[in-house]
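First subunit A sits with subunit B, and in the next complex the same chain sits with subunit C.
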Partner chain A sequence: MKAAPIFSDVLLGLAVLLVLASALGVLVMPDAYQKLHFVTPAALVAPILVTLAIGVRMGLTENTGESCVALFFMVVAGPYLSHATMRAIRVREKGDWRPGGGGKAPEAEREQ
Partner chain B sequence: MSFVVAAIAMLIAMIPAAVVLVRGEPGEAVVGYEFVTSVVVMILALLAQGFQRPSLFELPILLAVLMYASGLVYVRALERWL
Partner chain C sequence: MHPRFAGRVPGKTPRVTQPTRVAESEPTRREAPVPVARRVGAWVVWWIVLMSFWVMLDDSIQFDEMLAGAGAAALAALAAEVVTYQAAARFRMRAEWLAPALRLPGQVAGDLITVFGALWRKLILGRDPRSEFAEIPVRYGDDTVEGATRRVLLVGGYSIAPNQFVLGIDKDLGAMVVHRLESKDGGG
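And now, the complex of A and B:
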């Protein structure tokens, strides 16, 4: 039996375990800030493992290339999205994202 | 076959996030939405690979791009209006 399918399956198993654990984390954690920490493994690390699994199984093929493109967009977008989400939740709770509330709450914008 | 099994396992992982999405506060729901979207990108890639349909790999690419845009829309709405 060749090693590549086994290695590919191991990578897939790791990705699935990571996603399952992250899903439990999202469910169990008490607030949105802590839940958001568990999105990153599923949005960043698990796609890398899946792409590696496809690459190991298929080699340099169209499938591997296209999964790399999807991975690229996820890796680039994920941190920005997490930051924007964290900031929006803080603005929603505190009225401003800066410590001490340096600005006004976006009430005026809400009324528009 | 293992790719399809992994996709099904990841579908199961979406249940807790869906619970958060439906029952949580608006901020928690947005987090659940981001989680679900990220997992769906992987599921689509796994299914395309599992069924040996290279043309279906366009779906996860498209969703990965839309994930960013739609996530920002929801985040903006959360910050201003929700």
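And now, the complex of A and C:
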């Protein structure tokens, strides 16, 4: 049995586990800020694993290239979506995302 | 009546007042008109890039497929050009700014352990993560295209690892405001 299909399956399995764990994190975390931190593993790391799995299984083919293009967009857009979402939550809560903009100073603002 | 013309006295030039404070997140206003040739050039560049993506993703060089792709790329290029023009958005960067990106895979891997460690403690011990808002000192920089690009890259770079997201860069504070799921001082 060749190693590439097994390695590819392991990568896909890891991606599935990561998405399941992230979904669990979104489910159990108490507030919106904390839930958002569990989106990145599902939206960034799992797609990297899936793309690697495709690359390992199919080699340098068009499918791998297409997966890389899709991954590129996800890697570039993901951090800014998280940033914009977190900022929107903060603005909705405090009126401004800045430390002095209607909320307490960040140092004094530890949630727990 | 549009508010812009409210209170205008006939024969007098309306006085334009500047807003007292413009948030750094608001789009900048274009101060000088851009030549049409330059805008057409930008549209052509967008069209070439988007058409390349179409060919790569559609995986076909049939005439009708290419025609559909050319039309879709033309519309998308028009939208991209109009948006970047309206927002006065331009991108200019230095190669050395990309060097810190080499550390990102390690940071993502480390933060994955931190984030899922917090999930483990929540599930097993019932303990909520010790989240915090924090300030990271950064130089805000100037209001040039290069300065704005640097800030955009800073926000993206600091938001890619899952334990930390950037809310923004405060010019007055000279600091980047971030939210961390687990604080740096002993979340475990």
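As a convention for this text, the second predicted complex is superposed on the first by the 101 of 112 C-alpha atoms of A that agree within 3 Å, B and C clash if a C-alpha of one lies under 4 Å from a C-alpha of the other, contacts with A are read in each partner's own complex, and residues count from 1 in each chain.
Following the convention adopted for this analysis, contacts are C-beta pairs under 8 Å (C-beta built on N, C-alpha and C of every residue); 3 or more make two chains touch, one makes a residue touch a chain.
Quick caveat: nothing in here was measured; it's all calculated off a predicted structure.
*Asks:* Could you tell me if A:A23 is touching subunit B, subunit C, both of them or neither one (first, second, both, neither)?
*Replies:* Touch partner of A:A23: subunit B, not subunit C.
*Asks:* Just to be sure I read the superposition right, which of the two partners does A:L14 touch: subunit B = first, subunit C = second, or both, or neither?
*Replies:* A:L14 sits against neither subunit B nor subunit C.
*Asks:* For A:L36, is the partner it touches subunit B (first), subunit C (second), both, or none of the two (neither)?
*Replies:* So A:L36 meets both subunit B and subunit C here.
*Asks:* Decide which partner touches more residues of subunit A, taking subunit B and subunit C as the two options.
*Replies:* B
*Asks:* What is the contact status of A:Y80 with respect to subunit B (first) and subunit C (second): first, second, both, or neither?
*Replies:* both
*Asks:* Is A:E62 contacted by the first partner subunit B, the second partner subunit C, both or neither?
*Replies:* After superposition on chain A, A:E62 lies in contact with both partners, subunit B and subunit C.
*Asks:* Enumerate the residues of subunit A that count as touching subunit B in its complex and touching subunit C in the other.
*Replies:* 24, 31, 36, 38, 62, 66, 69, 76, 78, 80, 82, 87, 106, 109-110
*Asks:* Within their complex, state which residues of subunit A touch subunit B.
*Replies:* Those in contact with subunit B are residues 5, 8-9, 12-13, 15-16, 19-20, 22-24, 26-27, 31-32, 35-36, 38-39, 42-43, 46-47, 50-51, 53-54, 57-58, 61-63, 66-67, 69-71, 73-74, 76-78, 80-82, 84-85, 87-89, 91-93, 106, 109-110.
*Asks:* Using the touch rule from the top, collect the residues of subunit C that touch subunit A in their complex.
*Replies:* The contact residues of subunit C facing subunit A are 25, 53, 56-57, 59, 108, 112, 115-116, 119, 122-123, 128-135, 155-157, 159-163, 165-168, 170, 173, 177, 179, 181, 183.
*Asks:* Enumerate the contact residues on subunit A facing subunit C in the complex.
*Replies:* Touching subunit C from subunit A are residues 21, 24-25, 28-31, 33-34, 36-38, 40-41, 44-45, 62, 65-66, 69, 75-76, 78-80, 82-83, 86-87, 90, 97-99, 106-107, 109-112.
*Asks:* Which of the residues in subunit B come into contact with subunit A in the complex?
*Replies:* Within the complex, subunit B touches subunit A at residues 2-3, 6, 9-10, 12-17, 19-20, 24-28, 30-32, 34-35, 38-39, 41-42, 45-46, 48-49, 54, 57-58, 60-61, 63-65, 67-68, 71-72, 75-76, 78-82.
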